[in-house]
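We call the chains A, B, C and D, going by the order they appear; numbering starts again at 1 in every chain.
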Amino acid sequence: AVALLAGCASDTGTNTGTDSGAGGGTDGDLSITFIPKQLNNPYTDVVLGGGEAGAEEAGFAATEVVGPLEASASSQVSFINAETQAGTSVIVIAANDPDAVGPALEEARAAGAKIVAFDSDTNPKYRDVFISQVVAKDVALIQVELIAEQIGGSGEIAILSATANATNQNEWIKFMEEELAANPAYKDITLVAKVYGDDDDTKSFQEAQGLMQAYPNLKGIISPTTVGIAATARYLSTSEYKGKVALTGLGLPNEMRPFVKDETVTAFALWDPAQLGYVAAFAGKALADGDMTGAEGDTFEAGELGEREVGADGIVIVGPPTVFDAANIDEYDF
Amino acid sequence: MSEPSSPITRSSPLPPADKISSLDTRLIDTTKTLTTEPKGRTGAARILLGRDAIMIYLLLAFVLYASIAIPRFASPVTVGFLLLDVIPVLLIAMPMTLVIITGEIDLSVASIAGLTSALMGVLWASGLDIGLVLAISLFAGVVAGAFNGFLIAVVGLPSLAVTIGTLALYRGLALVVIGDNAVANFPPGLTAFFTSKIGGTGIPTVMIGVVAVALFFGVLLHLTPFGRGLYAIGFSKEAATFVGIRVARAKFWLYVGTGSVSALAGIYWTLRYSSARSDNASGLELTVIAAVLLGGVSIFGGKGSIPGVIAGVLLIGTINFSLRLERISDVVLIIVTGSLLIASVVAPSVFEALQRWRHGRRMHKTLPQVPASGATSATAPGVQERK
Amino acid sequence: MTADDGPPEPRLTLSGAVKAFGPVVALADGNIEILPGEIHALVGENGAGKSTLVKILAGLYRLDAGEFQVDGQPVSFRTVADSKAAGISVIYQEPTLFPDLTVAENIFIGRQPKGRLGLISRAAMRTAARDLFDQLGVRIDPNRVAEGLSIADQQIIEIAKAISLDAKVLVMDEPTAALSGVEVERLFQVARNLRTQGAGILFISHRFDEVFALCDRITVMRDGRYIATHVTSMVTVDAIVHEMVGRDVGALFPKEVAPVGDTVLSVQGLGRAGVFADVTFEVKAGEVVALAGLVGAGRTEVARAVFGIDPYDRGTVEFAGTLLKPHSPKAAIDAGMGFVPEDRRKQGLVMDLSVGRNTALTLRDRVARFGIINGRAERAAAAEWGRRLQVKTTSQEYAVSTLSGGNQQKVVLAKWLATDPKFLIVDEPTRGIDVGTKSEVHRLISDLANRGIAILMISSELPEVLGMADRVLVMHEGRITAELSRAEATPESIMHAATASLERTQ
Amino acid sequence: MTTAPTRPPGKAERIASAAPSRLGAFLRLRELPVTVALIALVIITTVVNPLFLSPQGVKDLLLNATIVIILAVGQALVIITRNVDLSVGSILGLVAFGTGTLFATVPGIPIVVVFLAGMLLGALLGAINGLLVTVAKVPALVITLGTLYIYRGLNNAWAGGTQYFAGDRPDAFGSLSVDTVLGFPLITLIAVVVVVIVAVYLAGTRPGRDLYAIGSDPDAAKLFGIPVSRRVFLAFLTNGVLAGLAGVLYASRFNSVGATTGSGLELAVVAAAVVGGVAIFGGSGSVVGAAMGALLLTTITSALTALRVDKFWQEAIVGVLILSAIIIDRIASVRSARKLRISEARNV
């Protein structure tokens, strides 16, 4: 919960209230299981930390975290199946593939489970609500804004993403492309390449390196994934491109701190991952208690983060992203 | 030197007169010293104590244990989920068993499944009829397998190296075909069929097809002349050639077999998860090979059986699902799989060494000792006393 | 070397040696004594335990019981290296070359000459190898890899390897099985030289002429037991044979004249680049045709091409009146051919497969109905043929590798006879087979001919060729240089055609 | 002079004409095809994109290849003995994470100690493989497939979600893969030294030659008295040490080390050795070839990117490359076999 608190402190202005009334009643037989994209990933660990804290506050009798060791489209299905059989009340999932988990989730729902998607959405028809970090467009825009600032408003840029099928990544990239095309402020910026590091450190590293060679005039890189941005930063900081090629995107402050300190990276963004899990747990509780159905306009109490409202398509927004730079990075610990 | 009639020697009885054909009536008996050691196990005992049987007992024992120890395990729902999970491995393991028995290997199976999946996605997205999509995808698997088969059987390249190459090639082609897209909107009826169960049994409907595939390869391996030939090829390619086994042709068709069945697995994968992507089934090759080896197939060829392999696949699948139910991390599964694999090959050799040692002791007890010099060093007195 | 100061101390003594493999007692009472400066023969039937004894001397097997002394000191070798260190050098029955290494390196592996910086000197190694070959009077390129060498060349390299060790005791397990007369004579010369230098030599062979020509003493074994040791000059072949088999042996080559029928096989102008050319011959029903010639003359290659193992570039093979599909052993077998190959272990048998399965391997299709094999019929057929040829094994389920050489050969024969062939190729049918089994095999062949089967027999043993063949084809450098009737065939006429003269006698 | 022949020298020259010409021997080198392919690839790429051979470009190429080269050298040792080690990726992962842990938990630990510790851990893991293979006498493919899983599982269990980042390690350690000497990054120089030592060992020492003999025919090697088990064990041990070294270097080069570091590397390493002319069934090939194979495979990825070839084609092209390498090798051996057949026939 340390990370969560640190995150809260940073989210100045978003907290609408601090009602501590946890979910519905005191029925202690509700269980919740988190299925992240992949276990043993630092970002995931922060998200899950928030989730477990939230689940306890919300009053779940049992909290479990299960998941695959590698993030492939189908690897989550058997975990969902096992949860279905275990009669879990709420399944919170970050989908590796929006459709691959569909049939399994439908079976889980048929068996009475409530489905909360978080971090990366499933196809909307398979879940009750989706807890989104932020408004997808906001995330996209802030990254474009950061890179434009860092390269002085003109030049070639590239995107280094996670896997080619990651729902959230692709949505952000789509908004970035639209913004670059539509906004006259960015008319001198050209997006020359999109590459994929598959959220693998080595692969991302080599993709970054490939970008430099293939595009000698590259001015900046956006990497909207924590693994990708760190690997790219490592490459830049060890090569002649350090300080010449700008880098921004979504990163974990703890991972990025050395690169901000050594001036490879000026600024990058992220939301508080812990809040994501935290809110997801409360949303699950509200669904399981029947306090809401996930329809647009429904509201629920998210512990110390206050009341949240379900928006269009069953999406719940957690909060805006934070921009980290040399000035504020030491205030965060996640 | 006198000729003591040792207690452990006996002369082989001459064949009964009526059984001797005209051409051997005057054959000379070149009897060789053979002991009165019990003969090889009789048919029934061999089957009941064989390697396959042990795998099956292990599987049954584990299922029994899980049913008692793990709440909710003993239910049709388990059967359904478990089988749905193991189907791709089970499918590919069938032809893989035959391939490994001939002393070869196929590492490209998962890539063929991925290529099939990618093709299905692209073809379906382009608006083709689903029947045609399935047919073309299956055919792609046949072609991919035939290409492997051509390089290995006809050109004569080592299969391990070739299929490392096609592992990359086919996965690469999958990427070329579908890129970073994913196609998901397959006909709902079809995808539903692929996760449907037969009545209340929990057994997935597609198991009918899987059983058919298993039966096909089981009969092919164990009951046909072709299958007999495969064992001979696995032991000695040259000796097989001399008895008229068409080694190259047999291998070629086996690779066509792995190719087509991998395509079937790819189709299953795509429709079960209703998602066609280039990375589907990636890494499955090692799982399949681990399961096949666990099922008692010798990596050197010449040994193994379909029932053993099925038991091996199901054992890993069951352990896997039990761990899931108990919410024990996959870390444990990985370690258990690795250990089982090693144990499955180390145990027999430990067992054999033990037998040799015991036999050695018995020999020392029963062998006639050469007077004066014979009983000196090698035979410890303690051993003899033990009678 | 003279034994002037009493009997010299034996270089090596083995007494009461016991070695068992599972249920098989390979050696029940092995005794041998090798003196310095003597060539000592070890004879015995197939499976008498000779090779097992050799492997004990080599340190490869450990004794189950018994005593083993070198230079009067009891020893217990744990590894082959121990035995080498004690001065024992061994040529095994099966060649042990490394196909990927050069010939020179094969000879010196593990003790390559070192040059500067303590690294291996390839030049020195090559020179040393050439010198060895000069000494043996053969020409083999020391730089070529061993892969693809003929069995004879492989054997010569084994010999070079063994003598280069300067061993106190040299053990040779059937070194001459694959050699021709000239090479055997050179080997003998080398062996005698070593004897003069004081080495003790153990020589194993099934050929009595060699044993009597070379050896000073002869030790006989039977059924894994020591029988007797004789001084060569004081014993006869008959006496030795009697001790070996424990009974009298009749005529060795009892070929009877059988009525000759129609032409079964007709080969016209067969050729394969670099291997053989212009090979034309035919074989009739009931006839035994021998294919004679020096080792490496290409006899095996012709047979392999006829049977379809190897392809050929030109010519035709006609079988029972119809052209045979080239390069397809299956077509040959279906038409009624059988092939007993020269290399039993690699080509004739699937060594790890059971005796029964091996026997039934040719019957795969015949014991199947609607494509499904009838297991009972398969086992019955295997057992039947095993019994007819008196294959000695406790169970049809044992791996064929546990049988002795002679018994293995019988399994190969059984396998082919079970197919009821019209034509049988037998390539060196008695290579490495003892006298008792040898005459069995000869009787079998003769009997088959009597029943109307056409037989093509490849053999490097002249007595076998002369005794068995109705007609002799002689090959030299890939061509048939003579065709001799039984009456025309003499050792002189065959050797004449096999060595130099290229004039065709027909 | 135990090995000296008893005959006076001099006669040796008699069949000197049979010795192959130097050019012929050069053309028959198994490393030749991969070298030619590498040179061609670099030239073509540089013509299209001159930046490819810029100092930074060369540095990146070498750095990329370094770790795979070291792994391929170790793998070649094992493959030459007719074995294989599929667990190298897992060993690398464990050692890389161990390196991160050491730096994080023992501040100020000397870098040399970390190197030694990493290689020691690698040696231990390699020794386990070697022991299982030689003592239990079971096929290496099965054993190392098993330890691939087990080591990976241990790595997961040990690391959990923990990752150590470049920032957790001393700068001097990270700069091993940044600083260059004559254009060669320091860690690449380590790889070069490894290649040279192992190459000399394999080609010029008796135990090294024994490895070829074992791979060529293990049964004959045993009959001959070569200590097969000891040598094979040593090959696995050395491979473990090298995988450990690669793990330490990985931690120097890349940003994060964690539970999945190095997974999936095994087939790429085997492929590198095969492309470099190491016969998959043992007995022939060289570590120089394996190193070239590694260099070629890593270069092709960079080259295709530099050529802006669609990323989706890259893996397929790598596959084609592997297949070409084996086919070329095959053609060469078939041709030399035929030549041998014809020339021997003339000799008779």
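The rule is short, and it goes like this: a residue touches a chain if its C-beta (ideal position, glycine included) is under 8 Å from a C-beta of that chain, and two chains touch if they have at least 3 such contacts.
Protein names from UniProt, one per chain: B = Autoinducer 2 import system permease protein LsrD; C = Sugar ABC transporter ATP-binding protein; D = Autoinducer 2 import system permease protein LsrC.
Note that this is a predicted model, so its numbers are computed, not measured.
The set of chains touching chain A and also touching chain B is given as D. More C-beta pairs touch across one of C-D and A-D than the other; that pair is C-D. With every chain reduced to the mean of its CA atoms, the largest distance from chain B is reached by A. The distance from the centre of chain A to the centre of chain D, each centre being the mean of the chain's C-alpha atoms, comes to 39 Å.
Spacing of chain A relative to chain C, judged by their CA centroids, is 75 angstrom. Inter-chain centre distance (chain B to chain C, centres taken as mean C-alpha positions): 37 Å. Residue numbers of chain A whose C-beta contacts span two or more other chains: 39, 69-70, 196.
Residue positions of chain B touching 2 or more other chains, listed in rising order: 179-180, 283, 329-331, 334. Listed for chain C are no residues, as none touches two or more other chains. All chain pairs that count as touching, in label order, are A-B, A-D, B-C, B-D, C-D. Of all the residues in chain D, the ones that touch chain B in their complex are 84, 132, 136-139, 141-143, 145-154, 156-157, 264, 267, 270-271, 274, 279-281, 310, 312-323, 326-327, 330. Residues of chain A touching chain D in their complex: 39-42, 44-45, 69-70, 195-196, 200-202, 205-207, 209-214, 216, 227, 230-231, 233-234, 237-241, 254-255, 257-259. Of all the residues in chain B, the ones that touch chain D in their complex are 107, 151, 155-158, 160-162, 164-173, 175-176, 179-180, 283, 286, 289-290, 293, 298-300, 329-335, 337-342, 344-346, 349-350. Those residues of chain B that touch chain C in the shared complex are 1, 3, 6, 8-9, 12, 15, 19-24, 26-35, 37-41, 46, 219, 223-225, 227-229, 231-232, 235-236, 238-246, 302, 356, 359-360, 363-364, 367-370, 373-379.
In the complex of the two chains, the chain A residues touching chain B come out as 39, 64, 66, 68-70, 72-74, 77-79, 81-82, 84-87, 97-103, 107, 123, 163-165, 196.
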